[in-house]
Amino acid sequence: MARMKFLCDIERCIDCKGCVIACKEGNGVPVGINRRRVITINQGKPGEKSISIACMHCSDAPCIAVCPVNAIYQRDDGIVLVNKDVCIGCGYCFMACPFGVPQFPKGDTFGKRGVMDKCTFCAGGPAPNFSEKERRLYGQNRIAEGKVPLCAAMCSTKALLAGDGDKIARIFQERVARRGSGAAAPGWSTAYK
Amino acid sequence: MASRKIFKTSGHSQTDRPSSTKFTLNPKLARRSFMKIAAATAALAGMSVGPKVVRNLRAEERKEAYPGSKIVRTVCTHCAVGCGVKAEVQNGVWVRQEVASDHPISRGGHCCKGAGAIDMVTSEKRLTSPMKRVNGKWQKISWQQALDEVCSKLMEIRDKDGPDAVHWNGSAKVSNEMAYLQRKLAAFWGTNNIDHQARI
Amino acid sequence: MAGVANTWGYGAMTNSMNDIRHSKLIFMIGSNAAEAHPVAMQHILYAKETNNAPLIVIDPRFTKLAAKATDYVRIRPGTDTAFVMGLVNEIVTNGWHDKDFIRKRVAGFPEMCEIAKHYTPEVVEDITGIPASEVKRIAKLLATHRPGTVIWCMGATQHSIGSSNTRALCILQLVLGNMGVSGGGTNIFRGHDNVQGATDMCVLSHSLPAYYGIKDGSWKHWCRVWDVDYEWMKSRFHSKEYMNKKGFTLARWYQGVIQEDKISQYTPIKAVVFWGCASNSQSQYHKLKKALDKLDLVVIIDPFPTMTAAACEKDNVYLLPSSSQYETQGSVTSSSRQIQWRFKVVDPVHDSKDDYWIMDEMVKRFGFHDKFYKNIKKIPEDITRELCKGSLTIGYNGALPERIKKHTLHWETFDVDTLQAKGGPCDGEYYGLPWPCWTETHPGTPILYDISKPVAKGGLPFRARFGTEHTYWDGRKENLLAAPGVYNPGSEVKGGYPEFKDIVPGTNWKTDLSQKTIKVAISKGMAPFGNARARCVCWNFPDQVPIHREPLHSPRPDLIAKYPTYPDKKDQYRVYTKFKSEQKPDLVKKYPYILITGRMVEHMGGGAETRSNKYLAELAPNMYAEISTRLANDLGIRDGEMIWIESPEQGRVKVMAKVTDRVDDKTIFMPFHFGGMFMGRDLSKNYPEGTRPYCIGEPANIVTNYGYDIITQIQGTKEGLCQVSKA
Amino acid sequence: MKPKFRAVGMQAAVALFLLTAGSFVAYAEMLLRKFGSISTVQAFKEFGVISPQWHKYAGEFIAFTHKIGSWYLPVLVGVPLLFLLHYLVIGPKSFSHKGQPIPFYGAFTRFLHWAVAILFSTVVVTGLMVLYAKALGGGSLILTARTLHLLCGYGFAVVAIPLFLIWLKDMLPAPYDIKWLFMAGGYLSKDVKEVPAGKFNLGQKMWFWLAFAGGAVMVYTGYYISSLSLQPEILTGYLKIHLILGLFIVALFITHLYMSLFAIKGSLSSMISGYKWEDEVRVLHSRMLKKS
């Protein structure tokens, strides 16, 4: 069975933030919430590298482990989703996640948080496929349409790959072989086994 | 690798929390979507390394997100690379931006500006009607009034000070046809005082 | 583009984005493609990975592109010519130049070498600040990796010697023999989405569409296309003199209002129309604002209220909401000369109207509607047909609307490596019919000046544009036509030949509206414009061979005496333009830091569109100035603090300091996309209600300095001086 | 008979101690066994995406979140049972309320006390609801509870300050408190015997300090837990403090409820009327009258 994964090739990522906006526009994410971010190290110096980060949909996801209400669950294809009807916004997942992925929209009273929002791998959520509710709460369900997540599809330099783990690993390995450098895909040893 | 052991407990607890109760998709249905994504991944692979792998999807398999929508091919309006944009339009409304992964130049790629192309139409900051400034305040006017006033004032200046008293700043953001009309307009107006962003 | 066009014929990108995939070396100077053309990076990085191609980046600033470079060289702004001529000299001295190519297809080579000799690595080090060893190393890299492509953008052109910079880069490629081959060429990445198309349509004060200069012959040509009487056209102008006199440019039009520099036009400018053009992209913006407040009428036609709407503070301004380009349709020409059809996505939203409608309504009121729209019934296709009919010089004539649409609708059939369609309705054609597309069946020209293909299949020699013979200053006479043996496959003439004319008596290939001349040429396997040599010496330019001249506002007073700028130009595009009299050696004492501007990936141009996008505004909400860690510490400035930046022209902006090592210790960098503030003053209330962009900031162009290119009058925004102080 | 009961009480106390505090040791051991061999997380470290300490705190934190609910159970069930036992065996203290009524709490103090009481009770109840969200089904009910928890928490932080200042002087530890401790405040015998205490006895003082100083810690950590504005490793630490301290606060909260509502008859009315009767004061707050 296919196992969905993200892979960001840091030799290719140019910090254009196309993935960030693709995600936001496509899924109607409110301002202030970043399902995907681009992080740069050594800015302005030799060795400057950028990486695009979203939920990695870990094999053995710590967020699922800590969720006190079982709002977070993993599909058989490895996509980790949150049920916003059940989530209580406690923030445990944020504390457990190695990538700082879970996001909480600011509520109106005393900095009260709303329920957790994160990358859905463009797979919508537990609401019925393509329903208005799904679109409003989770965004598009491109996986059900047989399409690649927006961020990876719109990546300007094809640095960000998404899809079946074996396949994208092979694409990446081919690139690495061509480049002749043995750079590892960041995050993979943490997120996947 | 030792890191495999990180979440032994959580792994255990995961089986405690059956993902198969109320949230898991119908496994059958879910499996079908994997097959689609697997094919889609192959398409992605194709566009990044080798010849394109065409994704075959049986028509009856597709359940549409926006029923009855159609795809309009167009071109991004930001830089001169000329990335393709596929706009999904339903009932005359641009509902979402699709990925032009078969475009020969961009292969579906977009920078942040292009990825937000839809915002050009949906932005809340768009001007909603012609306006003129009266006593320092903006006032909404009709197109009829706006064009009448602008054109009569321009003609007045042309008659009084000559055609070269008007300077036209055209645009590198309009179509070839419009750019051509802009240059033609200046010629018919009777001046060479026309220019645009590309002064080189 | 003037420099490029005067070297070999056309002023455009010679190859294509996709063709960079075949390059063995990528030499980028004054370009930050990672921010300005991110999708082009797809092909650049592909070449870097697949061909193991060195990616050489020359920039005063360690840009996001430099982060991806294999070799990064920091250069002092405004010294590109010295560096490139240094490379040329190093290549020639070591005998690495392509002798065969130069012998057959290049003119003026010995004369050029004579001048390039001055730029030894040591001299280059003194001028540019690049170590002599680096110059040698880069030259070696260029020589050992062929074909290599040279890419540049506004970083190379926005200088008082911008035309020299571009020509020096062309000479570099000629010397290396990288022209007319896949993977080589000069790839000039252009800025706006249709800047190539708008340039081709010559929304320019010195040309008629398709680069027909404003001379009698050109006017007559276009009058024939438009089907109007030449005499009537002449009557529209103030006089014949003004009909053939270059007009004001975007860079300097405001001098026609405020007249700080003397203008040579019978009347000052009283009204200005901004049709899809933001004013905050013009240097010395504080002076432009003075002009806005002095004008009788300002008309802004734009989907968003630009900075111009906020900067006009008098009751002289009208805002006409045009629709965005997604709400109308037409063809657009990308940087790679490819024409695509931009289909209409939705009808104009709100009460906005598309540009064609506005044009129609205005022309109606101007009283020449019948003449203006004589051949145009169906909009926009008939306009395309009309412009194709007249644009023979650049071969738009084959790019008919049906063909363009067909390409766009079948873009999936084109190969990513060659851009040629394999099968399908466009079989064999190149994507977007890259001009010149000579006939209705021509496949387009993917690589300019490529003599390996027949002309009918997209090949071309260098254009014969500058006569057939020239005598240089040293008395040497040279035949400017290509050497025998240089021709496209299938050519009847096996060598150089001049342009085609008098096939239809009294016309040449550019003015023969029946297009018979072009067809005859193609059928003979020859290029309509002849087969000549590319020029290293350009005798119609003030500097026949590019030489270094210090920027007007130079941080090196000692070099001003050695490399002085040009004498003042009295009537450059109707305005007195200072060169020599503006170059003051002691200016650097008061304004010690170099000021450069550039792009951010999140914003575009004047930023009216992108700053009105809530997501983009969220990503890049603040105007800032980059300042090096050392300089910041010396001045006691901390990251995020507000600072004042002041120009020698008394423009000043209050911006946030961004302490970073991207810039060196003498340089300040600012992005130019912001607007909505003016010299510390917030103009938010000047926007119509509810249309203030999500983020506003000081326009960087308030502090960009005086200085314009000698040929094109492009503003020199990448070589100014400034003073920095804590706010 | 009396010593026997005392012994039973002691045993119960020891049992409670073992159940609450002693379980720490057991769980700590278990954690060590389970997470002792976590490898370092190399990837993303250089990007600062993963906090370098992630591998140190994450496993522990996951285990903690699994167990914390069960740590509260003994307190929520055990403590009330213990007091039920006390009530049945030793019974409440009652006084005939003879002699002078002594003004004990001013009107403002009483108002503050009840304000704090309402807020505090809500915080405790909603806090427990969040803790046992799973049993309650999660969703909007718990979201509302969380909002109340936050609102009342901040409300408590405001209202508690004047009350804290009013009572601070009488709540300072005194030497005779040790004696009070040794006789367990007299609660383990049926005798009415003078206990050494000022205006407030040691039990009350303990509650005071736990509720106010502990409350301050709870508000402080709670603020960051709700705003998530710190590094995750610090946040997990704060969460642990919040929940473990909460455990003790809940325990003493129940004690306070028992004492005021059941163990000492009339205690409730004194907080309503503001007066205590002389005979009660002589026994339970003996030092207060001696001083004055």
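Should a chain be cited, it is by its letter among A, B, C and D, assigned in written order, with residues numbered from 1 in that chain.
In this text, contacts are C-beta pairs under 8 Å (C-beta built on N, C-alpha and C of every residue); 3 or more make two chains touch, one makes a residue touch a chain.
Because the structure is predicted, anything quoted here is derived from the model rather than measured.
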item: Most centrally placed chain - per-chain CA mean versus overall CA mean; value: B
item: By number of C-beta contact pairs, the top two chains; value: B-C
item: Between subunit A and subunit D, centroid-to-centroid distance (C-alpha), Å; value: 41
item: Centre distance in Å when subunit B and subunit C are each reduced to the mean of their C-alpha atoms; value: 24
item: Rounded Å distance, subunit C centre to subunit D centre (Cα mean); value: 74
item: Set of subunit C residues in contact with two or more other chains; value: 38-39, 42, 601-602, 614-616, 619
item: Where subunit D touches two or more other chains at once, by residue number; value: 41, 58, 62, 66
item: Residues of subunit B touching at least two other chains; value: 1, 3, 6-7, 9-10, 13, 47, 106-107, 109-114, 116, 119
item: Residues of subunit C that touch subunit A when the two form their complex; value: 34-35, 38-39, 41-42, 45, 49-50, 52, 62, 64-68, 72, 601-602, 614-616, 618-619, 660-663
item: Sites on subunit A touched by subunit B in the complex; value: 1-2, 4, 16-22, 24-26, 60-62, 64-66, 70, 73-77, 81, 83, 126, 129-130, 140-148, 150, 152-158, 161-164, 167-168, 170-171, 174-175, 189-190, 193
item: In the complex, subunit A residues that touch subunit C; value: 11-12, 14-18, 20-21, 24-25, 31-32, 43-46, 48-50, 156-158, 175, 178-180
item: Footprint of subunit D on subunit A - complex, ascending; value: 39, 41, 49, 51, 53, 62, 65-66, 68-71, 85-92, 94-100, 104, 107, 109-113, 115, 184-190
item: Complex interface listing, subunit B residues touching subunit C; value: 47, 52, 72-84, 87, 89, 92-94, 100, 102-107, 109-114, 116-117, 119-121, 123-136, 138, 143, 146-155, 157, 161-185, 187-200
